[in-house]
Structures are given as structure tokens and as C-alpha cells.
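After this come two complexes, each holding subunit A, first together with subunit B and then together with subunit C.
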Partner chain A sequence: MDTNLLVQYGPALLRGFGVTILCWAAGCAIGMALGFVIMLLRQIEVKPLRWLLRAYIEVIRGTPFLIQLFLLYSGGPAIGLRLEATTAGILGLGIYGSAYFAEIFRAGFQAVPKGQVEAAHSLGMPYGGILRRVILPAMLVSTVPALVNMMAILTKETVVLSIITVPELMYEMQTMAAETFASFETILGMALFYWLLVEAVSRLGRRVEARVTRFLSHPSNARA
Partner chain B sequence: MAITESPAAAVKTPAPAAEPTPMVTIRGVSKAYGPNVVLRDIDLTVNKSEVVCLIGPSGSGKSTLLRCINFLEVYDRGEIRIEGQLVGYSDTTPRRRLSNAELRGLRRNVGMVFQQFNLWPHMTALENVAEALVQVRGMDKGAAADRARQMLARVGLADKADSYPSRLSGGQQQRVAIARVIAMEPHLMLFDEPTSALDPELVGEVLQVMRDLAADGMTMVVVTHEMGFAANVADRVAFLDRGRIAAFGPPREVFHESPDPRLTQFLQTYHERNSF
Partner chain C sequence: MKFSVIVDALPHLLGAAVTTIWISLLGVMLGQVIGVLVCVARQSGRRALDVAGGVYVSFFRGVPLLIQLLLIYYMLPLIGIDVPPLVAAIGALSLASGAYVSEIYRGSLNAVPHGQSEAALALGFSAPTIWKRILLPQAFRISVPALVNELILLLKASSLISVVGVAELTRTSQTISASNFRPLEIYLAAGVIYLAINSALALFGALVERRLAQG
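== the complex of A and B ==
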């Protein structure tokens, strides 16, 4: 790659990288928060609410992210929702992720050993306390691998945001490619870059996993 | 002679002259899963400081009955009262089933020990015992930890306070589970096959803790396959068969004098399995 290109476009690429990370982190945070709330709401035994949430998850999972994003960004104004590109991008990522996160949390919730919850009930613990101190920690252990996987997938989905002109890395890279015709190298570089990013997220995930499951280990003489 | 309420004596009189105070009264309790009837018209009274063992073949309904007492299992008909308070339903006609939130007041006085211990694996032994003290009794963390330490000492596990359950043997885990319950000072303790998941050599340590509790006057309802424990520690034994109480009385009567053929068969199977 031409070094002049890096000097010329470096700052823009760096900014783009920042926007990518921002969209990814905020999208993941919104997606997980929303997904968690959806999972909790799905525990409520009210039929219309259950259908509604089920439909939400099915529609989000059953349609391409790109189309969801277009609907939100271009279709939004039709219902009075006028969003700036980056805001729409983050919200779109969050909504897209929430359906998957909700399913991951649901599986995690169901995997919490029933006896651990019964023990808490039998001691007279309040549900909020049981959720916070018994259910959530157990869920964390069983869902971390799936959560990390979904977060890795979302790093790659951020490139779609370039289509609604969010100035993230892919967008900046395309701008550079269009202006310099250096397209092959840039695209190869991009692929490498996203692969490294996913790798970093996975590595981080493995460390988190080791951290949250350390109490399950059984070293014979280790200090507790 | 005027007889007042007898104190929780360490040594129990086999036939108390004093009017016993009922702790649990079960009247006409029935339960069915669809067409499958698991409890049929059960009547049972457990008095204060009494140890009652529920024995019987698997599927006889003994665990279900035990779990109905703190409403982990819903019963359909009849009533269960603990210290006069109706379990699981509002005391009105027609009765309304109570939510978990409404059951908290009752459950804090009724401890339960499970076959699979059900410790919280992400907490140390100490944290397992202290958790409900903080959440239910409203103790501050320091005081709860002190009390948890005392309770662990009482079950002989003072040195395991900082161990996670995964580093404890089954017997130790069950003793932590018992400490977690007695820390709450329950009026009544329910044991659901507390030694069935243990290796044979670990059963003794758990039974010893239970014997100590019984000697201290704890009211206990114990579902068990440990006939030796039932014979030596229980004040009364109930033999359940196909959802009914087929025999009930002091262990001597139930084990040696009952005419019930199913009980005879059950005890015979038990003896055969345990002789070698």
C-alpha cells in the first residue's frame, strides 16, 4: 500500500475506526439491555404480550439487517422519526442485536438450575434479590460464549452502516478507494482489519469466560 | 397438676402427657397431575419439636407431600397449616392462591434441605449462608458473615467458609445447605431425601448433624430412605404408598407391628438390599 495514502487518509480512517467502535459498543449495549428486558417480559403469562414479543423476535431475525436499517433511516421520517445517520445506525444495530440477545438470555434463563431458585424461594428471598444474586450469575456463566459470539458478529455488521452514510471505517475506506482507485488493497486491508477486531473480541470473551467460571474449577489444593 | 407448654427439651419423652402444640396440620390434602393422582386425602399432624419421617417406595408421593408444606408444590384440595397459618392460599372463601411474594413471610420460618443441596455455586460456603440473612433478615453484611461463620462451625465446617461448593464433598455441601437453613432460625425444617445423593461413606456426617438438630428440639419432617435414622431418631413415621398414608405411628409400631402388606414388602426389599 502506498504510504502517501496512509498519510493523506490516516486521520479519516482513524476517525472511522473510532465511529465503528462507538457504533459497535453502543449497539451491543442497547441490544443486550433491550434483549434482557424482552427476555424478562417474555416470562409474564399474558398471551397478547407473548405474541407481540415473539413476533418482534421472529421479524427481526427473519429479515436482513440492511433492510431493517433502511426502514429505520429512510422510512422513519414517514412516521415522524427523523434520525441522524449515526444515531439510526446505533439504534438499528441495537434493535437487530436485541432479538438475538433476547434468545440467548432466554436459553440462559431456562438453563438456570431450578433447584437453586427453589432454594432461594424456600428461604423467603424476594424475587428481585433472587434475580440479581442467583439467576443472573448463573445465566452469566452459561451465556458468555454465546454473547461473545453475537458481539463478534455485530462487529462485522457495522460495515452495513456505511450504506446509510454513517462515517465509520468502511465508509471512510470506500471514500478513499473511490478517490484513489486503490480498491483491491483497501478491501484486503479491511478484511484483515475486521478479522483482527473479531479476534480481539473473542479473546476478550475467553478471558471474561474464564473469570466468571473460575469458581467451577476444582484445583485440589488451591487457596479459596 | 397444671401443665404449661413444655419447653423444647433435649431429651424427648416418648408419650408426652402435656398437650402437644401442633406445628403442621395437614387435612384432606389431595393433588393430581392431570389424571395421575399423587396425593389422596392426606391427614397428618406434626407437633412442635417432633421429628416425623416420611418413608415409602419411589412415586408414593412423599417428596410431593413434603414440598406442599412450603408450597414449592401446589396442592389442589384440603389444607395445610403451619402454626395455624394456611399455606399457599388466602384464608378466605373462595380461597385464592398466593404468589411467591406473598409466601415469603411463611417461608422464612420454614427451612428446606434438598436432595441435590442446591447451593449457589458462584458463592463461597460463607456467602451461601449469609445471603438470606442479608436479603430476608435485613442484617448488615458484617453481622451476617459473623453469624454465617457460627453456623458453619455448628455443622463442623468452620475451616471451609471460603471454599466454593465445587471444592466441597457432597456431605460437606449438604452440611453447608443445613447451615444456610438453620441460620434463619426456622420453626420447622423440611428434609427432602437429604442423604440420597451422597456416597455411602458421607451419609453419616449429615445424619449426625440432623440428630443434633433433633436433640436441640427442632421440628423436622424428613423424607428418607435411611431406615436406621427413621427408627432411631423419628418420633413418628409415616409410610406412604400410592399417595396415601398407609401406616403412621411411633417407629416401633410402624416397623414391627404394622399389618399393612405393602409396608411389609417395602421393608423386606429394603432389608434385602442392605444385607450382603
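== the complex of A and C ==
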């Protein structure tokens, strides 16, 4: 590969990588926060609310991410929602992730042994305390593998943002490929880079998993 | 919101949805073939085959589909094969799906009790017969829910092939909304169509699963 190319396009690629990381991190954070709130709201026994949240999850999981992005970015202005590409991208990733995170949290919530919650209740703990001291720690341990997996999936989804012109890594690389006519080399480099990136996210996740489950004699207990 | 826009575009969208469906089905079917071959190769006990299969699965599961698609789209002409975008798209979908399917089968094969293939071996069954009569039929049954899920995932992922210009549902929505300046209505309609197809698939999957459970 020509070193001049790296000098010429290096800064743009680095900036693109920064935008990728920003979109990924912000998207994950929004997705998890929203997903957690949805999971909590789903515990409320009000029928219309439950139907609404169920529909939200089914719609997000049943439609392609790209269509959701187009709706947000191109369709938004029609209802007065004018977003910049990067903002739309982050919000889109967050909304897309929230449905999956909500399901992961729900599974984690259900996996907390009922007896523990009842015991805390009978000891006179308020619900907030039970949530914070009994349910959440157990949930954190049992949901980490699924959360890490979802975060790795979202890493891959960030490249889709290039289609709505978010200036992230994929977008910058495609610009470079178009301007230098070295399409194949650039795309091959891009493939290898993302392969490493996703692998790194998964590995990091496994280390986090080992860390939060370290006090269990058998890590598999967490998933029981 | 103007519903007449959706009504006008509906014939085009539905036609494009049919393209989306058959491309996804073809992708999943070819993916099945690749997946079974890779899975068998990885279980064969030959180190080279195992390593090659492992790299294949890791690559196609680790690299975003959009990049795989562009890679195939730009790579084939380079080695002298000039293919229409449609072929590149189906190739990319099949290769990606094959990687996931091989992992689904691997999990399902592990779920078939080990004693059965030992018993078959003790009865003098040859290795291909054990695969054909004992392992694959049971593994297939165990893997049905995961395979239906894979089909739904692939149908959603097929929206990405719009990027290389294949006139499926997403691409057609783009074209229509670029000409009538009504992206909100058109993309909403496209979303509803995707949702309907996926719900139908999920329902079908549940039926097949029930049927097999009786079998």
C-alpha cells in the first residue's frame, strides 16, 4: 500500500474511527438505558401499557435497522423532526438496541430467584432497595454474556450508518476507495479492521464477564 | 401523512417485497448447504478442515454484512468474473448465513446424545450412514427454531443489498420516496411489509416446530 495514501487519508480515517466509537458508545448507552426503563415499565400490570411496549419491541425487532434509520432521518422532517446525520444515527442505534436490551433485561429479571425477592420483602426492605441490592446485582451477573453479544452486534451495525451519510469509519473508507480507485484493497482492509474490532469487543466482554462472575464457584450458576 | 401516497406505491412495494422474499429464501437455502458442509468439515477430525472452517465462521460472523457484500461485489470482477449485483448479493447473503447456520448445526449436533452414534458404530454403520440416518435428521429437528430465526434475520439483513442497487423492498422504497418526496409514508409502508413477512415467518416457524414435536 502506498504510504502517501495513509498520510493523505490517515486523519480522515482516524476521525471516522472516532465517530464510529462515539456512535457505538452513545448508541449502546441509550439502548441500555431505554431498554432498562422498558423492562421496568413492563412489570406494571396495566394492559394497554403492556400491549404498547410489546408492540414497540416487536416492531423494532421485526423491521430492518436500515428502514428504521431511513424513517428517522428522511421521514423525520415530515413530522418536524429534523436531525443531523450523526444524531439520527446515534438515536437510531439506541432505539434499535433498546428493544433487544429490554428483552435481555427481562430474561435477567425473571432469572432472579423469587425466594430472594420475597425474603428481602419480608425483611422489610422497600422496593427500591430490593431492586438495587437484590435484583440488580443478580441481573448484572446473569445478563453480561447477552449484553456483550448485543454490544458486539451493535459494533457491526455502526457501518450501516454510513448509508445515511454519518461520517464514521466506513463512510470515510468508502470516500477514500472512490477517490483512489483502490476499492478492493480498501474494502479488504476495512473487513480485516472490523474483524479485529468485533473480536476485540467480544474478548473484552469475556474479561468483563469473568470479572463480574468471579465470586461464583461455577460461572454457569449465573445463568441458571 | 397522506395515505393515498401509500396506496399509489403499494403495487411497486409489494412487487419488491416478493423480490426480497425470494432472495432471502435463496440465500437461506444456499446458506443451509454451506452451513452443513462447513459443520461436517469441522467435525471431521481433520485439523486443516477444522481450522479453515473456523476461520470462515469467525470472518463471516465478525465482519459487518455490508462490508462482506462490497468485498464480494468488488472482488469478483477483479478475478475476471463479472457478475450482476444480484448474484453478488445472493452470494454474500449465502456466505454470511452459512457461517451462522454451521454454528446452529454444531450446537444441535452436540445436543444429539453421544451414545447414539456410538451404538450405530457398534452395530457396524458406516460414517456417512451415521451422519445421514442418525445425526443430521435429529440435529435438523433440534435446529428448527434457530433456523427460522436465522431466516428472519436474513430477511432483515437483505435490506442492505439495496446498496449495490438490487431493486428489493428497501431500494424500491428509496427510489419511490426520492421521486415523490414522501419518505415518511413510503418507509412506514415498507416497515409494515417487513413486519408482516417476519410475523408470518415466525408463525410458520411455530407451526413447524409444533408439528415436529409431535412427530
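In this text, the second predicted complex is superposed on the first by the 217 of 224 C-alpha atoms of A that agree within 3 Å, B and C clash if a C-alpha of one lies under 4 Å from a C-alpha of the other, contacts with A are read in each partner's own complex, and residues count from 1 in each chain.
What we mean here is this: a residue touches a chain if its C-beta (ideal position, glycine included) is under 8 Å from a C-beta of that chain, and two chains touch if they have at least 3 such contacts.
Values in this document were obtained by computation on a predicted structure and should not be read as measured data.
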Partner touching more residues of subunit A, whether subunit B or subunit C: C
For A:Gly129, using the defined touch cut-off, is the partner it touches subunit B, subunit C, both, or neither? Pick first, second, both or neither. first
Go through the superposed model and pick first if A:Val198 touches only subunit B, second if only subunit C, both, or neither. second
Is A:Phe215 touching anything from subunit B or subunit C once the two structures are fitted on A? First, second, both or neither. first
Considering only touches as defined above, state whether A:Ala78 meets subunit B (first), subunit C (second), both or neither. second
Answer with first, second, both or neither: which of subunit B and subunit C does A:His121 touch in the superposed model? first
Name the contact category of A:Phe70: first (subunit B only), second (subunit C only), both, or neither. second
Where subunit A meets both subunit C and subunit B, residue numbers: none
Interface residues, subunit B side, partner subunit A - complex: 70, 72, 100-101, 103-108, 110-112, 114, 116, 118-122, 124, 131-132, 135-136, 162-164, 166-167, 177, 180-181, 184
List of subunit C residues in touch with subunit A within their complex: 1, 58-59, 62-68, 70-71, 74-75, 78, 152, 156-160, 162-163, 170, 173-174, 177, 182-185, 187-188, 190-191, 194-195, 198-199
Touching residues on subunit A, where the partner in the complex is subunit C: 58-59, 62-68, 70-71, 74-76, 78-79, 156-157, 159-160, 162-163, 170, 183-184, 187-188, 190-191, 194-195, 198-199
In the complex, subunit A residues that touch subunit B: 113, 115-116, 118-127, 129, 133-134, 137-138, 141, 215-218, 224
